[in-house]
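Please see the structure below; I have some questions.
Chains: A, B, C, D and E, in written order; residue numbering restarts at 1 for each.
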Amino acid sequence: MLDLAALAANAWLVPLFTALAFVIILVQIWTGRGGRGSAYTAIAGVAASGAYSVVLFLASLGGSAAELSRSPAMSRTMDWLPLGDGYLRFGILVDPLGAATAAMVGIACLMIFIYSSSYMGAEFERYTDPTSGEVDRALGRARYARFFAYVSLFATGMFGFVLASNLVQALLFWEIMGLCSFLLIGFWNFKPSAAQAAKKAFMTTRIGDMGLFIGIMMLFAFLGTTDYASLMRPESLARLQAIGPIDGWLSGMLGYEVYIPLGGVSVAALVALCLFGGSIGKSAQFPLHVWLPDAMEGPTPVSAMIHAATMVSAGVFLIARLYPVFASATVDHPDQISGAMYAVAAIGALTALLAATIGMAQYDIKRVLAFSTISQLGYMVMALGIGAYVAAVFHLLTHAFFKALLFLGSGSVIHGVEHGMHEGHSHGGGQDAGAGHHDRQSGIPGVAAADAHDPQDMRNMGGLAKRMPLTYVTFLAGTLALTGVPVFSGFWSKDEILSDAFHKMGDGHMIALVVWVLGTTAAFVTAFYMARQVFMVFAGPPSTDAAAHAPESAPAMVYPLVVLSVFAILLGLIGVPAAFPVLGPLLGGNPFHHYMGHLLSGGAFETHAFNALPALASVGAAATGWGLGYALYGRRPAAARSRDPLASVIGAPLFRLLNRKYYIDEIYDATFIRGSVAFAKLNAWFDRRAVDGAVNGASWLGSRGASVNGWIDSRIVDGTVTLVAMVSSELSRWMRWLQTGRVQQYLLLAFVGVLIFLAMNVL
Amino acid sequence: MLHALPLAESLAETTTSLSGWLTGLFSGTAPEPGASSSAAGIIVASVLKATVIVLIVQIGMLYATWGERKIIGRMQDRLGPNRVGLFGLAQPFADMIKMLTKEDITPTAAHKWVYNLGAILVVPPAIIGFAVVALDRNLIAADLSIGALFFFAIGSTAVMPIFMAGWGSRNKYALLGAMRAVAQVVSYEIPQVLSIVGVLLLAGTLSMNGLIHSQGPIGDAFPGVWFILLQPIGFVIFLLATTAEIERTPFDIPEAESEIIAGYHTEYAGIKFGLFYLALYFVTISASAVGAILFLGGWQPPFAFLAGIPGWIWMTAKTLALVFVFMWLRGTLPRLRVDQLMAFAWKVLVPISLVNLMVTGLLAKLVAGRAPLMVFGAFTVANVAMVALLIWLVAGWRRFNAARQITFERPAVQAVGAALRRGAA
Amino acid sequence: MEASIPLWWYLLVAAALFGTGLFGALSRRNAVGVLMGIELMLNGANINAVAFWRYIAVPSGAGLNGMDGQVFAIMVIALAAAEAAVGLALIISIYRNRQSVLVEDFSTMRG
Amino acid sequence: MGENWAFVAILTVIALTIPILGILAAMVLAPKRPGTIKNSTYECGLETVGDAWVQFKVQYYLYALIFVLFDVETVFLYPWAVAYQSLPLLALFEMIIFLLILGIGLVYAWRKGALEWI
Amino acid sequence: MMEMLAFGLVAGVAVGGAIGVVAARNVFVSALWLVLSFIGVAGIYAILGADFLAATQVLIYVGAISVLILFAVMLTHHVMGDERSNNRQAFLAFIVSSSVVAALGVLAYRTDWPIRPADAGGSVVTAMRGDLAGSSAASTAAQTGASTALTSTVDLALNQDSNVVRLGQALMTEHLLSFEIISLVLLVALIGAIVIARD
């Protein structure tokens, strides 16, 4: 078998390969040899680290999973930052959670890299030399290579974060990922909307990161360490517990008292919430989810990787990794749900439902998927909130695959539609240039009209199933997995969550009830908008010429879709609950559960009996969703409809509300943004009036003082100088008498001295 | 000259009886440890001793003058004083009377005090010298532990009166003569002293008796050999330097008749001139006595078996021998030129005496404590070597001078010389 | 020979010599006179040295044979000789340049 | 020890009396007829020219100078010579150095012509 | 008693000579007085028992330095007219020097000098001989073993207890450095004087 210890010990190679790739690509750009070469380097890098992490995962799957979880194979840790009495250690922590996620990231990223190597092909022709007018291929190559550099750096960040052994180190890679998301979202920086979206994404995640940072610092302040291993130890957790509620005054911060108006909240809960703030920002949970839909401005592979598979799931990973801290917030038994977990669960559930509902009323193919991602993340957070640890992680893994699949699928669709538009123009000549080009009105006041030239607007699509069969099939597989249709991976993981919620509801936890109810309705809504999407895009006749001419994508784009679809379908099987009637025993009694379960400090993570009800409920919800979707969108071709059928069902105002994302952006804009601007203006005014005033006053005072000084100087100082001169001249005249040059006189004086000396002695 | 010697002998006899009496007196004062004779006793004894010494010296001096004129006369093939008294023996007394009765003229321009004091102060140094002369084993006036040094110290004070005479008489020539005399005496004092250091080194003591003890067969002192045998060069230098000190020919520049009138005592007449003359002879005798002590072993008999004869006879014989040598020199050598005289002192005698001193030092260490014969052998070898070296040097110097001599003449003469030589060849 | 002479007599005589020498050095107009004064002062000091050699107990083991005083005196005598020689040479050369031997005339360093 | 020095003192006293006696005797015996000519300074019969204390060449001073320094040297030689036999061989070399240094002085005087009699 | 008398005589000569030097009008005469004073000092050395030093004093001061001084006086003698031998500050100088003498005298009298114990009584000479035997035996130890041998061999008749031998030893061993340096001083003086004097 593979030697786990050796592998774990050298696990630091994983982030290194992609980092190496990043550096090599930089060199290539610098030496002007960008283009395809950089793509191959990036792919090679991520392939290497992906392979390594998969092998590591397989090795950890072996029997040693148990003790691996108990004593994570801490690879070499290097003394990184001198910290007063000790060093901040920089190392690699390999445990079931880390290994599994790393493997997932490796595979997903590999597929996405291959996909984007052809998808980004368009970069070469995109740029025209402003002076000469023809295509600036060099710039194109450089941009292409730049894309792959950013992506490789991002992969390094993700791997580093997942395998980090230390919170601060994790924070480091967390920031790298934030940076890469900003760079990649704003990749096409000549588009103002992209630049705007990148800034927005970065700012919002930063707010979340502040929470994370404060959480880490408090952990360090109270427990003196930020290593996962030492944090997870029961006694440090107990110590955290012992600190007890903050009575408002928090001493020990730099030696003076700090009054925190959070009377009553126990420190442990406070820390947990701060850390959760970080994941809210990064995983786009309710208050800070606004940046994810705008992040779709970036190229599709980016959205697929960063905003579906890896980065957003990092927030959830963080909570999973620090689960004991959250769980320990409860005073007594881990089984209880602590105050912190309450908050987590509530936010998770709320986000899930909210995002799902908004998703229904979106026309942009990628935005729908974006809201779907937010809602699925809400599912994971909700699961963690109620203690369904294994289910959450499982859903994290499965969701990564099928969401990546969906995004890449949509990318291939957009690609196809773009080609369709070009051909449309070229074949048709100016056919629909002027008159034919008309924007299909949404028919609903307040909802944007479909821009004929926007390849991403679903209203311009339709009937692509025939045009792009492979993409259609893989997209369909992804959709089925997402909506939780049985056998597909989505079902197992989402159902796991709901069944755990149901079980917890049984234990009398009020929050579990809320979670289950919202979860199930969200499942229904998810099924509905996915169905809507599928039908608008693939079913019925093509609503535009572009859709009519959309060709199938290139093989490099389609094959990753196939691989991901395989994962989307089969991955669920490793998590089939043991008690499941037919498949459970067949598949070895929920191996994933055993594998991941031991991580919890409690160790003996009991598996509750299988209860059919939640499963049936979720399947039912999925089915109704699909039915409704078919009913509204399946039968009649989208093109013909002047108004969105959903609007007619739920009423225009509600539809507009959903379409405009509950106007949250506008609310934020009105409150925060405009507020800070106003504050800034106030500041400026104050500065001008008060500060300048003071400065002028000081200068006036200075001038008065100077004049007094002048007077003193002329009177006193000159006086003394002349006095000194006079005294010294007097003295010198007197001395001249002594300096006669006669030797004998000197001798006489000398002996007078001797005489005095003798006299002293004698008398 | 010959009969002069027995005369000295007879003179010596008369003194033996006196000496018997004297020894009683002297021994009385021998410094036995602890003998604390009363102060008055010491004074009386000292005075008596002093008068005896003065008398002996006075008589000696008189007959020395007589002896000298007889000897010089004989050397110059003439008789010398024989009119006054038997063989002219009374001649000295005649001279003395003449001195006393001649008028004593004092130049008015002279500085009265200094002029007279000069004349007076010439005599004491000469006399005091005799205090340390050791006639016999215990027959010494003042057995100072630094006898030799005392003698030369007193010798050096003789310079002062010369200067006073020269300056006091306010006479250009006298002053010039005095300056010359002082320069000469001063210059020759250095070689004189340096020559005897070798002797002191071997004897290891300064007191006269100590010196004599270490020379003779009597007493088992270290060298046990007369120092003249060990230090011949030292003896020669001492002799020459002393003749210069006494301003006798060939070094008698100061009162060289032919040159500056009578030197520093031109203005002196009568008894004052006599005093200068008297002092000169005193120094001659005392110097030869010390010479005898230092180099000829004082009262030590040359060989052990001759110990019978009393010490003082040996002493007087050796002193008279040296006096004869001085007179002999006067009779035979021409006078040296002034610059040759001075150069001879500094450029010849001083270097040689220094070298001699170093060699003696080295040898003294080598043969320390050996038998007298061995010591004598070693030293003779060294001395012979030194003399040989000296001769070779002098010869070399003369050849060098000879070569240089020719080039001095004027070119014309050289041309003629060259022509002659060519002709001859 | 009975009563030995107390030490301070010698010191007194030395002081007297030194004082007269000092007076000579200070008051004499003739440079040679000044030099003579200095010689006297040196002699005074010498008497002190020899007196101390003679009277003061020699701390045991300090000097090899306690002759420090005499050595001191001899060195002073030698130095006095050297000093006299050089001093008088100086005076003579100044006399040749200035035709005067009075100390007052030597007051300026130049010329 | 003291007696010797006492004797020396007394001898000097007596030595002083002798010339004084002589002169007194001469005063008594010798005729005294001072004459101006007779009392004039004798200058080979010539009239005395200028003052007797005429300027002299530095040469004389140089001889005295060299004499003083070499006299001091001899003074240092005495104790060395006397104590020589009780001193180790090193004393010889010490003295040789002493003599050499002063020899340099002699050579210098010689080269510089201070010893020539002008 | 006789010793005191001798000391008084000699001291009188020395101090009288000194006063003569100062009082004499003519420089030449003061030089002669200086010689007298030197002889007096020599006498004092003799009484103190430093016989070698007495001889040296006579030899150098009377024999050499006075000659030098006289030569200098001769060479620098200008026209007779030597009006005033003392300069204006004579009186002030007199006061200072007399008070210095007084102060030194009082100082000499008052401080209790650590007189050498061996000097309890007896003449200077006995003291000398006693301490010579005692100290030389004790302190000279190995280094001067030969010297004690030397003195013992010579029979007592000779007055051998001169301290010239000890002085020689001291000069050659203990004060060797000053011995060599004094030769340098003399050399320098010689060369310097010659350079300066030669016109």
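Going forward, a residue touches a chain if its C-beta (ideal position, glycine included) is under 8 Å from a C-beta of that chain, and two chains touch if they have at least 3 such contacts.
Worth saying up front: this structure is predicted, and the values here are computed from it rather than measured.
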Number of steps on the shortest touching-chain route linking chain A and chain E: 1
Chains contacting each of chain A and chain B, listed by label: E
B-E compared against D-E, more contacting pairs: D-E
Chain whose Cα mean lies nearest the overall Cα mean: C
Cα-centroid distance, chain A relative to chain D, in whole angstrom: 119
Geometric centre distance via CA averages, chain D-chain B, whole Å: 15
Chain centre separation (chain B, chain C; CA means) in Å: 33
Gap in Å, rounded to a whole number, between the CA centres of chain C and chain A: 104
For chain C, residues that touch 2 or more chains besides their own: 1, 22, 26-27, 74, 77-78, 81-82, 84-85, 88-89, 92, 103-104
Chain B residues counted as touching two or more neighbouring chains: 31, 36, 39, 42-43, 143-146, 149-150, 156, 167, 175, 179, 182, 186, 189, 204-206
Junction residues of chain E, two or more chains touched: 1-3, 47, 49, 51-52, 56, 59-60, 63-65, 67-68, 71-72, 74-75, 87, 89, 92-93, 96-97, 100, 104, 123-125, 129, 144, 150, 159, 161-162, 164-167, 169, 171, 173, 182, 186, 189-190, 193-194, 197, 199
Full enumeration of touching chain pairs: A-C, A-E, B-D, B-E, C-D, C-E, D-E
Complex contacts: residues of chain A adjacent to chain E: 744-745, 748, 751-752, 754-755, 758-759, 761-762
Chain D residues touching chain C - in the complex, by the definition given at the top: 2, 58, 61, 65, 68-69, 71-72, 75-76
Of all residues in chain D, those that touch chain E in their complex: 1-2, 4-6, 9, 51, 53, 55-56, 58, 60-62, 64-69, 71-73, 75-76, 78-87, 90-91, 94, 97-98, 101-102, 104-105, 108-109, 112, 114
Touching residues (chain side chain A, partner chain C) in the complex: 740-744, 747-748, 751
Of chain C, residues touching chain A in the complex: 22, 25-27, 34, 103-104, 106-109
